[in-house]
Structure formats: structure tokens, C-alpha cells
Amino acid sequence: MMSASVARRTFATPVLLGLLLIAFALVAVAVGSKPFNQTIIDIFLKVIFVVGLWVFVGNSGVISFGHIAFACLGGYVAAWTTIKPMMKGMSMPGLPDWLMQTEIPYWGSAIVAAGWAALWALIFGSVLMRLSGIAASIATFAMLAMVNSIYSNWESVTAATSSVVGIPIIRSIWPYLVAALISVFAAWAYGISRHGLALRAARDEPTAAAACGINIPRARLIAFVISGAIMGMGGALYSHSIGIVTPDTYYLGLTFITLSMLVVGGMGSLSGAVLGVLILSTLIQTLRWLEAGVQVGETTIALPGGVQEIALGVVMILILMFRPAGIMGNKDLSLPKRAALETKGPKSPRT
Amino acid sequence: MKRLMTALAATTCLTAPALADDDKIIVGFATAETGFMQAYDKPAQDAAMIRIAEINASGGLLGKQIEVVNADTKTDRAEGAKAGLTVIDAGADMVVVSCDYDFGSPAALAAESAGLPSFFLCAESIKAGIQGVGPNSFSASVLAAVQGATMAEWSYTKKEARTFYRLLDTWTEYNKGICDGFDYMLPKLADATLVGEDTFLNEDASIAAQITRIKALPEEPDAIMLCTMMPGAVSAIKQIRAAGINSMILNGSGVDGSYWLSAVPDLSNFFVPVQGSIYGDDPNPDVTAFNAKYKEVTGGDPSTQYVYPGYVMIDVWAKAVERAGTTETTAVVAELEKMNAEPTLFGPRTFTSELHHQNQARYLIVETNAGKPGVVDEWTISEPIPVADLMK
Amino acid sequence: MGSLLQVLFDALSLGSLYALGALGIALIFGVMRLVNFAHGDVIAACVFALLWPSVDAVAIIFAGNLPWYLLIPFLLAIGAALSVASEIVVFRRFRRANPATMMIASFALGFVIRYFLLMLFSSRPKSISLLPSLSQPVEILGARIPLLQLITIAVTMAVLFGLTTFLRRTRFGLEMRAAAENFTMARMLGVRANRVIMGAFALSGALAAAIALILGSQTGTANIMMGASVMLMAFIATVIGGMGSLAGAVLAGFLLGAIATVMQVILPPDARAFRDAFVYGAVILVLIFRPQGLLSARGTKERV
Amino acid sequence: MSLLALSNVSVRYGRLTAVRQVTFSLAEGEILFITGPNGAGKSSLLRAIAGVTPPSGGRIDFADHDITGRAPEDIARLGLSMVPEGRDVFGSLSIEENLMVGTGMHSATRGWKARAATELEAVYATFPILKDRRHSQAGLLSGGQQQMLVIGRALMTNPRLVAIDEPSLGLAPNITDQVYERLIALRAMRKLTLLIVEQSSTRAMMVGGRMMLMRGGEILLDGDARALGQSEAMQAAYFGYGEH
């Protein structure tokens, strides 16, 4: 499956990233404030989403606008499987009986969500993966729009645009940390697997890869399904973090913020995906904090409302201007003096 | 200005652990200060602040001053949960959440799990209360379904409308709520018929196809029940009139206000139910006085009737606290649930252990004639909409 | 007959909006492989240019009060200027970046524009009475068509005709078409990159302003999100039309307008709410069967 | 004096070096063939000269200007016309429009329209087939006709040097013969300097002139085409014998 030497060589990457995430969790525990705890949970969820996105986008080089659809699928699995049967009967009367009676713990819903999203990734993927380039991007977007349209209108099963409530809220930080760690390690393992290496080869040298017998649509499909599963798990946990789910949570807003984090971090490497989330989230939080006002001596200095978003946009543009391949620029975190995972970026020279 | 400073001071020390402070009562606002919900939250919150200032000026609540802490939801659900936790951490005795159910519920759920009462500023979905949050959650406004039912019954009785067309914008639950109320009422009206129905989406650039369907009817309907909200409403109304359809247009309260009327010059035959009039012609002179007060405090007239629920909210909550003699949740909720047709500046309010919302309410009917809106009537639906029908 | 004609006009007027939007995106994509997500926000900015900044509910009309013969050039100039400025300040620095980076940069720029508007005007949609005389119906062959719908279609046709003439008959147009097809080759023939790209941005911005005018008078609202839905459809139209093919973008724009209108007419009421799902399903089908787009110019190689 | 001079030019794509420290010069009126196997760096070299891929090191002079790292359009305007590999015609443009794209660079000078018209007639005289189909889409032309079109298009800019990448690629031998015939005639007529990249040396030996052999990004041999072509050194260098 994967060569042991590659695994040994690159093992430092997920370990370092994992330690970084654990450090964030420990900071949250040390601060001890509930809102801050929630902030860190939110960051871990973004890590799951962006890492899920990276598995497909980073390895295949195809930008996907559709992955949040899988988060949406997962988010509703949480609603279907964890809400008390009585409440489900009121908000989603169209559910089949066996599902109506099901009530499983949150981690169970995350696992089921991953499977459900993976199934749909397989179905959509087997149609879409033969496309490449911008056509594939638009097709994935159309997929997102379709899922959104269906979930926004299927009154009896998804309660349409109405928020579904009654999802058990998990405010502890640890499940989210564990899920984020699982995604990072899964993404790493996929990246160094035969399939992951083949897909990256296909990304960099499509003709050569095809000549070597790599079935590109199939290689992409595998990545699509794995990343769909990660997104699905993240979607379910997202539902558990705020206790409600609506289709428009999982639409353009989340799509763009996760894509931005991926590109700003550097879509060529797993470290880029994780660091993109951590850096942009930290930036957003700092700006929000400034917007809320900072006490300097006797006076309170506060940025006017809206400056946060504008500043975020400007900073993103500046980062991309000076580091077009993202902050990590296709490199992975590794221990000093060890060879990094060979992740050459997508060929960039334009003709 | 002072209010602003208090608010700022409160926000800045949020990271400090909550102090159990017995000298004051804290109301936490987890509402949108930025983003698109801000346009809805801010006016209602201003009205709430007016009521708080009045209470404080007359000696406070249970002899204590009411203080306010704010946290911004950024019009984002995940941020909403954080904002809720933030004001709870700051020691809020009651949590006020965003106007809309979708955006307010994460904070309301946080309050619920902390055992605190919460109020939606102006949510009009039945879920904004026991059904969607829990036993300690209330909404200060009236159910959307009541608006649809009111318009149907009123236009049937007072305008002799018999043929109705139902045009639903599926964008939000609020819109669907209006049409649900309309659907509930229509079969109860003898010989009123639904001659057609259609849906659209708020963001649709053009609803030409939907209008073509109305025009394909053999006869123009007496009334079109338009279940939509801003900003799509203006576009829909404009396109309906531009196509030469002159039927009565019945709406929910969401299109109240004169700020948009310039977009559809000389609009006529257009009806909106409101809880109080912003046009200076409310039958209750105290409402006009409130409008003046609002202008004095915020520098502008109320732009829609959605200012009013904020005032009602503090009013009923403060009464309940006063009667309970404590801010303790169970006692306050029990007092609130005892309210039956409790008079407020904007009509009577009733809460029961089954419903923390209004399933019947007195509405003023505002007619826009040649571009001029004004109160023409007042209507209360003949019987409350049963909770079972609302839950459908 | 009357209603069939009406459906035709409905489809054409919706298609017109999408076609104009798709052209604006295709023009820029053609010359620099940039999928410009800020386009929708440029549309919104053009609408707001009619108003004086204020966060009150009532809009303070500023340029909106100009007579139409001043208003239209004013707005076109605003659109073009904003678009060119975005090129000079931002996109010029991304010429060598890969498409994903450019796309995210354009998204970030759109974000900045949107929140800037939000700060100046608040999030509340504003009402504007733009060219109110257009809100009347006219009778054609038994169908009562809103005058604005006719004007929308007429304006689109005029814009398409004008643009075609410009592209076919002028030196600059020739250079732009060549550059859209193969930018490097055009440069090797002495075509100045900056001039062509700025021209494309100016045209694209003016097209955004045209959409703003139509949307503004149709909806009577200025709303910070108003460009977004047109932009998404336009973006899809650009792709299924064949990226870089201007004619394809226009064709696909009209096609999408037609599909959306026809779906609304033929779907049973219960399924109507799912209209968009059907439309996007159709998009996927088109892409599967013609991944290179409906009209992909021969000789254009995919460089994304 | 030389029209084009390269000194120590290197081209790199990421970690891959395509051209290593190449130095040579080309005199006005000269004809130079660059040959070599696939991946020798020939095309990369041409692209660097035309300004498409700026060199990572070294210096390029053309017509007394330092053109290192200059934009392709500036280099074209100095009179260096490039015909890239693969016959990049503007497929959706008509043949005449294709030809006219390059005349824009002279639009600042007086009487350019008349001159462009004269050029056009001259190109049509050389390639009559283009005139017959002047209004049809260039994408519909056959391979040989497209090759003529791109050469004609390059000539329309009134260049001093024409650089052509693999004019015979994908063409039937008799069509290639035709293309070369025209090229040689043109060179004589206009006193053009020609820089032609071909994979094999056969064509160079037939046409004559100067020939360089590239391999692994370096110039291995430089000399008279006919003399070099027959030498053992050529064979060895081309296939890489004797390197180990």
C-alpha cells in the first residue's frame, strides 16, 4: 500500500500539526472562558473542513466549490440520528420509521455522517470525475447548488429552510480535537498512499501519468470519496456545536471561507491547509477583538463595525500577492534536516 | 451617548469572569451589530433600550438598575452561539437574541442550557419559543401565521375578496409562516377560493414566469397573498404592478415601512398588518408619543413596525420580574405564563405553558393608496390559531 | 399565443441579464484566465453609486436623480472605473499566479467591496426609483409585456450588437479577440498586454453597470447582495458556453434564462420549489456531454 | 555585427533547468538551425528569447537593445517575430484577421494602414491559398495552411528576425517542402534573419546555413549545417554516445 520509508520520512508532518492543534486546545482550557472555548471548537471544525477539502483539491489540483454539500449531508445526518424521536416527528415527519426511532450518540452520528457523505461522493463523483479544470469546478458547484436546493425545500425530511433543532449540543472541546486529529492523520495517510501519490503525479504531469497507466478519473474519485467522508463528519460535528442545522449554513459563505483558508495557507500541502485555518482564524479573532474594543488606559479604542471584514479581505489579498502559492508554498512542516514530503505544486507557469 | 458608553464598557470586560452582582440586573443582548441582521436587530434593540431607560429612570427593577451587555452575532450562526455564551459569562439574567429564529436560536439554546430565560427580539416562527428552543424561551413578536390569517379574514370580511392567489417566496420560514396562516384561514371562509398558487425565490432576478401564470388566469384574482420579505418583496411588487395586475396585494408585516415606496411609485390597493403605526396615525396616542421618543433617542423615526416588539419584550419581562420578586428563571417564566391579554403599548399579549408566542393578536391594517400608507382598520382574528395547526 | 409569447419574453429578459453578466466574466477570463468573483460586487457598487452614503432606512438619492442621458453614461463610467481600478490595484499583481490564487484574490476583493458598501449604506436594502416611467405594461399581440422587459431585451441586444461591432470592426477589438484566444501569442505579435487587459476590465465594468441599471429599475432596490445571484448564473453560463468564447457565454446565458423560465412554467406546483435543483442538474448534464463548453473556439486549449 | 546575442542564458522551471548557460550570436541575414532531441531545451530557449519565459540568468541583446526579461510585446516591437510550436493560429478569427493582429504595433507611425495593406498583399502573393480563403475561420485550415498562416502572420509585423519552432511538426513531407521553399524565397527577398528549431538535422542539411546542436540544455556543436550533418560527432552528440 504505502512504502514504509515514505511514511517514516513524512510522519513528522501530521505529528507536528497534531501538536499544534493540541496546543490550541490547551490554550482554550487554560483561558477557561466559554466563548473562547466555542471559538476554538469553531477553529477545529474549520480544520476538519479544510483538511477534507485538501484531500481532494490539494492532491488533484481541481478546485471544488462543492465540498460543503457533503458537510450539509453530514449536518442533516446528525439531525436525523440524534434528535429525540418525538421532536423529529414534529419537524421532519417524512422520515422513515426506523430512522425516526433511531437515537444515537454524537460520535455515532459523526461516523454515520461520514459514511453517508462518502456514499454520495461516490455517486456524484462517478459522474463528475471525468471532468477536469474549470468545468469540474463548476460541476461541483452545481452539485452544491442542487443539494442546497433539495435540502431547502424537502419539507418533510429536512424541514426545508427552517432550522432543525434538538440536536444535542456538545460544548466540550475534546471530541472536536479528536476529530480534527483524525482528519489530519487520515489526510496524511491518503497523501502518501499509492493512490495519493498517483493523483499528485497526475496533477503535475497529466499526460505522463496517463501514459503510466494511472486512471485519473478513478484516482480522483478515491480522493473525492475520502474527502467527502471527512466533510460529512465535520458537518455532523458542526451541527452538534451549535445545536441547529439549516441548509444555508452549508452554502456559499462556508464554501468561500474554507476555500480561502486553503488557498491562503497553500493548497499544495497538508500543512498549508491546517495553517491556513489557524492563521486566518487567529486573524479574524484578533480583528473581532479589536472591533469590540480594547481598553488602553482610560480610553477604549474600537474599530468601526465592518472594518474587520474589510481588513480580512485586504490581508488575504496581500498574502496572496506576496505568496501566490499560499503561506506554506507547497512545503510541509517537518523536523529540521529531514526531507520534506515531495509535494511539488501544480505547475504554475502560464503559457 | 451614556448608553453607548455603558455598552462599550460592558463589552470590553467580557473576558473577566462573571461576577455575581446583587446591585444590578443584567440584560444580555446577543444580537447582530454587523451583517444583514443588524438592520432588523438594531431598531428593536433601540426600542428595548428605551424601555430599560424608562424603568431605570423610575427607580429600576426590584430596586436595582438594569445594566446591559452586548455581544455581536455577526449575522452568523456559529458566532451567535459564541455571542450567547459571551453574555451569559458576563452574568446576564436574561438573554435577548437576534430577531430571526435561525440566527437567534444558537444564542437562545446557549441560554436555555444555562437555565436562563431568553427572548427573541422579533422572531415570528413558532419555533422561537418552547417548540424550537425550550421552556424558557419567548418571542416578543406575533406569529407570522397570524399575519396571513388576519389578512385573509379581514380582506374577506371587509373587502369582500373571494378569489385568492397565493404567491410564496420559499426563502425563509417567516414567508412560509404567513402563507401557512393564510392556508389555515381560507377554508374557514365560506365561498372563498384559491384560484392558483406559485412559488419564487427572494433572490430571483425576475419573477416574470410567475406573473405570466397569474395573467393566464381567466380572471384577475381579487387578492394576491404575497408571502415574502425584503429585499425580494419590492422587486415582486414592482413586477406585479408593472405587468398591469391590479389585484389587492396582501402581505405580512415584513414589508411595513415607507422607505421603499419610492421604488413603486403610486402603489395602491396594498395592505399590510402592523402591531403599531409608524405613520403618526396610530389610534393610540401613546404610540405616536413613543415614536417621538424613539426619534429623540436614535435620531430617526422608526422605519418599520419591527421596532415595537423590542419595547414590548422588556415591558412584559420587567412586569414578570416585578411580580415574581426575583430574576430567577422558573419564577419569571411562571409569571410570564400567567399573562393573559396583558395590555402593552402595542396590543395585548398572552403567554401560556404551551405557547410562548402570540397565536392571536390585534393588528392594525395599513393601506397604501397612491403611494401613501395609512391605518384604515384594525382586526383581530376570530379565534386563535391552534398550536397543532401551527406545528404542521 | 399570448401566453406563449409572454413566456418567450420572460425567458429572453431573464436570459438577457445572464448573458450580460456572462459576457462581463468571459471578457476578463479570456484575457487573463481570471474568474472574477468580484463582478457581482461591482454590480452592487454601481447600484449604490446612485445613492448618497447613509445608514438610514430611507435612501438619499444622489446620481439617481440625473436625467437618463446623463445617468446612463455616469453609471457606465463608474462601473468601468471601478473595474479598471481593481485591475490596477489588485489583479495586475496576480498575472503570473495560478487561477485558483487569482480566483480567491477576486473573491477577497469582492468581500472588501461588499463590506465597504455595508459600512457606507448599512445592510438594509434601499429603495430607489430608477427610471420609473419604465414600470408600465405595453400590449403586444395580445400579451401585456412590462415595458421594462422589452427595454431589457432591447438594451441587451443593443449592447451585444455594439460589442460585436466593436470587437469585429476596430483594431482594439481585434486585439482583444486575439488576446482572448491566445494571450501569449497575441503578445508575441506586439499586442500590448496592459492595454488589452485594461480594456477588457473597462468593458466588463460597463457591462456590470448595465446590469445594475436593469436590476435597479426592475427590482427598485439597492441591496449589497444583489449582484450575487446574477453573478453565479453568469459564471455558470461562461463555463458551459466554453470559457473564453464570448458568443458561447451569451448563448449559454440565454439558454440558462430559458431553462429557468420553462422549468417554472412546466413543473407541477410541488416540484416548482425544486426548480433550481433541476436547473443545476441540467448544468451538470451539459458539462458531462460537452465539457469544453457549447461553443469552444477551435485552437483554444484549456489552460486552467 | 550581430543582430541577436545571448550570453550565459539559463532557463529554469521550478527546480528543473531547461537551458544552461547558453551563449551564441546571430548576424543579420544569417540562417541558423537549432536541432536536438526532445527535451534538449530548444523551445525553452526560443521562449526565453521571445520574452515568454524570462531567463533565470544571463543576458539577451537584440538589435542593440538589452531585452533580458522584457515583455514579449516589447521584444516583438523591436522586430523579433516568433512563430511558436504547434501553429498557434487564432482559431475563431478569420485568416485576414489573424494576419492583421500583428500590424497594430506600427499603428503609431504615419501611413501604417497603407503599409499594412501592402504587406497583406505581399503575404497573399507568397501564400495564394490564404488569399482564397481570407474570410474563413483560421481554425478550419489544414495543418500546412495553418503553418503558412502563422509564418505569414509573423511576416506582417515587418520583422528583422523570424524565429520558428518546428515548422515541419505534424506536416506531410511534401507540405514541409513547400513551407521551406517559401521560407527560403522570403529570406532572399526580404533579407530576413531566420532562426529555425527542428528536431532533426535533415532539413538543415538540405537547406544549408549554420547549425547548432542542443542537448540537455547546452549547445554541443555549432557549425555549417552540411558539414556538421555528416560528421560522426553529430551522431554521437545527438544520441548521447560517448558521454559516459
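Per-chain numbering from 1; labels A, B, C and D assigned in written order.
The definition used in the following text is that contacts are C-beta pairs under 8 Å (C-beta built on N, C-alpha and C of every residue); 3 or more make two chains touch, one makes a residue touch a chain.
Everything numeric in this text was worked out from a predicted model, so none of it was measured.
> What chain lies closest to the overall centre, CA atoms only?
Per-chain C-alpha centroids compared to the overall one single out C.
> Which one of the chains is farthest from chain B, going by Cα centres?
It is D whose centre lies farthest from that of chain B.
> If you average the CA atoms of chain A and of chain D, how far apart do the two points sit, in angstrom?
49
> Counting only Cα atoms for the centres, state how far chain C is from chain D in Å.
The separation of the two C-alpha centroids amounts to 41 Å.
> Using the average of all C-alpha atoms in each chain as its centre, how far is it in Å between chain A and chain B?
Distance between chain centres: 36 Å.
> Could you grab the centroid distance between chain B and chain D? Build each centroid from C-alpha atoms only and quote it in angstrom.
Measuring from centre to centre gives 73 Å for this pair.
> Show the residues in chain C shared as contacts by 2 or more other chains, in ascending order.
Those would be 118, 184, 228, 273, 276.
> Hunt down the residues of chain D that sit against at least two other chains at once, touch-wise.
52
> For chain B, give me the residues that contact two or more of the other chains.
Each of 34, 38, 170 in chain B touches at least two other chains.
> What residues of chain A sit close enough to touch chain C in their complex?
Residues in contact with chain C: 63, 127-128, 130-135, 137-139, 141-143, 145-146, 149-150, 153, 252, 256, 259-260, 263-264, 267, 304-307, 309-310, 312-314, 316-317, 320-321, 324-326, 346, 348-351.
> Which residues of chain C touch chain A in the complex?
The contact residues of chain C facing chain A are 33, 35, 90, 93-94, 96-101, 103-105, 107-109, 111-112, 114-116, 118-119, 184, 228, 232, 235-236, 239-240, 243, 273-277, 280-281, 283-284, 287-288, 291-293, 302-304.
> Show which residues of chain C lie in contact with chain D when the two form their complex.
Answer in residue numbers: 171, 174-175, 177-178, 181-182, 184-193, 245, 297-300.
> Which positions of chain B touch chain C when the two form their complex?
34-39, 75, 170, 197-199, 201, 203-206, 208-210, 212-213, 215-216, 230-232, 234-235, 238-239, 241-244, 257-265, 300, 303-304
> Okay, in this complex, where on chain B does chain A touch?
Result: residues 8-9, 11-15, 17, 33-34, 38, 71-72, 74, 76-78, 80-83, 85-86, 88-89, 101-102, 105-106, 109, 113, 125, 127, 131-133, 170-173, 176, 391 of chain B touch chain A.
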